[in-house]
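Notes follow once the structure below has been shown.
For reference, chains read A, B, C and D in written order, and residue numbers begin at 1 within each chain.
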């Protein structure tokens, strides 16, 4: 029994980590730019497709896609922030939301237009294609890889934000934009940077999804809603919250499917609703 | 008793905003509450009107304990208020604005089906109120399009419309230009005369206070200092103390001041700038100069445009008209971060340090974004000026005391390699000891050749630091000259600064 | 800057409304079933969007779970019709059910500041979706309720009209939609409506006008849910099927889009938006299967170019013209 | 990028020229929109032997979102048939006009499309539909529309049982196999496996639940010794099956049955492989495991030896008729036909045959002509069962094998059963 629970925990962790990478970018862009980016899921999709494209391009070498995909996404992020979002920061949230929604629609069809409507898929990189025994049961090596990358990304982000100068700039700007600018921070450029970084993270999430999932236009929607739930549970704009939230949701899913299958569909939303009712600002968010 | 307040206390994480305040106000009085910035006046109003709930103490209105009533209930009981910052319904017409409170008074606001135009009596009542405050001609305009002064009138109209027995006006004249004041004062007088309503007035403009009030309550640092008739207050030394900073005899800083004569060339030149917040004009063609190496004081009561002047220079609120030069180069119109990089350091009111960053990070931040070779300031050097910071290197900003925050804010500005420091109310809300310490530190900083532009209400503080002064009144420069010349000119001091 | 909400009707608008209404009732005489069906859909989306916009454009609260009420109305009506209840009873009860749900959910939602309000409505809405999807025995799961009969309106012994033919049902639907729209119009123009505008413009101030905000929000939320429910109830017999997609958040997004495209700060905005939303799609799909992209681009243009939406844009334009006219001959 | 030819509009393809033309024409068509609707009640139909020209066939399926490829395959199959027939002089001398729309697998959209097709575009026949829910919704309004509907993919048995057999809505037909193919035929294959411990991973909606139910019933009657140790139902849109795999594998099954399909099946198989499911579970049966989109989606990643079926297997039967179809399709679209292509292609030919037999477009006579109709389709000889209007033809189950001749794996070791044996027969008693 204990072993079974442990195994499920590992499964939940891997699911959570895959979600975390997407949620991280979403949370970051919201925390700093105060934009709820619905198109973040589409960035994830784009990341997956671009990775797939590069992999095909370079004779099926996954690692090239792994490296290039997120970078390409950062470029996409640059364009989105610099030429679109920058024009609407002063506007009401609902308009920002609408703009991100417009991107969702456009990206979905763009992908269909470029790569066609059929499912795409690439094999797992040979080194990670096998399974590893976890408490006596096979578990995908790639799943563990995701756990590793996710955790690494978690620590890297924590370090970047809490320990580096750039992180300090980001925090400062997030808390007091005016003061940041009068001590010399170029706020517009920082915004672009943060958005690119968020896009890069979404791309990373996409790249990691490629070997385990099938690619199809619109694959971003299901992710964005879950990532969104995660961010809300954790507290809008709180990276730590997003991390915990993602792991929590992964666990809930793993155990829920086994012990409470009826509620799988509602699970995420029930959690979200409960958190919002009890503690609207989320587990790690700050009260307004 | 109309209003009875007992031991009212409110603290915001450790900072005591209102401290054990108690007083009674009988029927038919116009009471004014005065006190320097950060004295807790607005907090007191928020407690009385139910926007905040006190930690301790009770409030009785006509002997009914209303301490736990919601804001809307208190309004229904007859406590109306206006707000310091205009707080109206910008995208509704003036008439619609006033209609809302009238409806809630008559209960009509619960009607879901009848067309608004059907409520003749309501409409008449609204028109009457608009006439009362002199807005009848702009009834169909959108409130947001009104002039700043008219918005203040509307603000008062909104409060009146709730038919209060006690009307609390929070700085109704703040940021009004002379013309607008001329329109408002009669309105207020009319109200007082009518006797239909008890007024409580929070105000900085002493002309207004003494023209209207028959009782004055003075707050300082959250506690009730004195209470009395205008005459008593005017002759009360304690009050003079907090407003003017008491005795002007302290030669020490003057020697300092003499040691660096203001011979340096022009560093900052402000040429008749007009600055606006949205629709309302805060500065009316303000001009001033600051020479390299000198310390200039920007004096005047609240809401006369001191802060706005500083914000205009930093680029946070760029002027609509006029130019600002730094070392002869035009900087007005540049984004704040570029102006900062050129050597303009800003220390805002309340310090506004980055709460979730450590002292160290706060200090280092400018150095990563403003790249320069030979910096005049290093962390060590800043810590020499502000030794306490040394102990606090790793502490997060949010855990610093008011004084520590102030030091950090100044240090942060210096680390940006500022050539001129813009200080906004540096002495506000600090203990006398802290003020003294700060003063010495700033003098040290001056000796390092840093130019200082200081905006402060505390005349004493200015006297000890600055050489020259500009006095702002109602968004325009009312007087400028050497500070010691002010000693002779008591009437100016009285008119613009004192009580 | 978003254009100012105009709360004053005028004769021209009245005339326009009159023409539209007559037009709506002439449709079946001139146009074929497809057009009846299309206009029925526009009417439904208009009512749905207006109910949503009572919260959003009028009060400043963006609900992301409004489909929950639409779906409740649709499902309850569908079930009752399948249980051979009369049409009017079914629609009435369906609407009422949505209202009840609104009271319950509203209790939780109105306690939140605006951001969290949106999030909570989203979560609760998707919970309803999950229930609809999983509770197969009652809702028919993903197949939904199939084979709904429209029944007839009858006064026993006096008369009976079967609504089986689309054009008959069209009149029934149009009449009730217009009634609903009219009631919403009255609410927006009523004192209560003005208070809602106040809440949108300056939440904090309303309380100091002596108005208990939560009560008012609770009532508004209830009304919004009620009329969304009415729209849903009328939809069920039109489609003769109710599928879970009507409870999905993408359904909740439709009134958001319609309102924003049409102009959320005018009463007519959502109606125009609904027309544009459905009309545009109908037009685009004739040329390309890439209608998502076209739609996205249109949205983008609206956001970057015409905030205030179509009606807002027109209003501004007219106001500008009037201003110039005045300037020329004072 | 997909190839396209002929009229780009009818393809789910958009190139710049098309787009410009579209946007340019927008205004004009705006007018047409208003004008187009006027008049036209149900068209007065011509006398026997002579039918209106052109005959209009309208098709709709999912063309956007993750399931978008279904509509694509469908559209291409139908278009091929239309072009062939028109090339040979049409039906009774009348040309066929064809129109395709995306139904987003949403009921309201599908109904709106159908109404547009019938009322404004003046369609004579409706074909297509991927989603079971949509098939049911549309089926029951066919009397209002007064047209014939041939469903080419949606496979719920309710369509025949409720709509046609019980409700007696005779306008509804289906040219593709029902889910009995996945479930009952699957059981017939499964009964020969030594495996006793069965588990399943299925989509959490009607299709999944019913298929599993039928599979269990059928297999249990044939093999009383088997037991069903675990099942896990995944919500639609699942991207990570780890939890479901973990749950099912926790019960140590010897065989797994699944009717996940499309992209979700691709994902499921990839993840099962990563979990090394196929090392422990010798028998894997996927109801849609032989579908073209899955084969092409997985490509070389598809583990050999897994069992799968589809609604049409392009290498069966190995006869000239089928070969000709596959070649023609490949020549036209540079791809291989999926079941969706074949059943849409067949639907068009069913229409041709029916019209030529009835010599008219009168619905009653067309229905009469179609009931019991024998049609020789690429998938082999087929007839339309009178009671429930279900096309009866046999489709093989087979084992996945990689073949150098194709860029994707194919089915080998085919197992074929006479459809009558497992298409539950009215009044829908269980198979056996």
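As a working rule, a contact is a pair of C-beta atoms (placed from the backbone, for glycine too) under 8 Å apart; a residue touches a chain by one contact, two chains touch by 3 or more.
None of the values given here were measured: they were computed from a predicted structure.
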Neighbouring chains shared between chain A and chain D, ordered by label: C
Chain located farthest away, centre of chain A as origin (C-alpha): B
Whole-Å gap between the CA centroids of chain B and chain D: 73
Euclidean distance of C-alpha centroids - chain C vs chain D, Å: 36
Whole-Å separation of chain centres (CA-atom averages), chain A against chain C: 33
Separation of mean Cα positions, chain C and chain B [Å, integer]: 46
Residues of chain D engaged with two or more neighbouring chains: 12, 14, 63-64, 71, 204
Multi-chain contact sites of chain A, meaning residues that touch two or more partners: 108-109, 112-113, 265
Per-residue overlap in chain B, given as positions that touch at least 2 other chains: none
Chains that touch, pairwise: A-B, A-C, A-D, B-C, C-D
Complex contact set, residues of chain D against chain A: 1-2, 12, 14, 63-69, 71-72, 204, 232-235, 237-240, 242-244, 246-247, 249-250, 262-264, 266-267, 270-271, 274-276, 279, 293-294, 296-301
Chain A - residues contacting chain C, complex: 84, 87-88, 91-95, 98-99, 101-106, 108-110, 112-113, 225, 229, 232, 236, 262-263, 265-266, 268-270, 272-273, 276-277, 280-281, 288
Touching residues on chain B, where the partner in the complex is chain A: 314-316, 335-337, 339-341, 345-346, 348, 352-357, 361, 364-366, 368-370, 412-413, 416
Partner chain D, residues of chain A touching it in the complex: 4, 7-8, 11-12, 14-15, 18, 108-109, 112-114, 116-121, 123-124, 129-131, 137-143, 209, 211-219, 221-223, 253-254, 256-258, 261, 264-265
Residues of chain C defined as touching chain B within the complex: 2, 4-5, 7, 183, 186-187, 189-195, 197-198, 201-202, 204-213, 223, 265
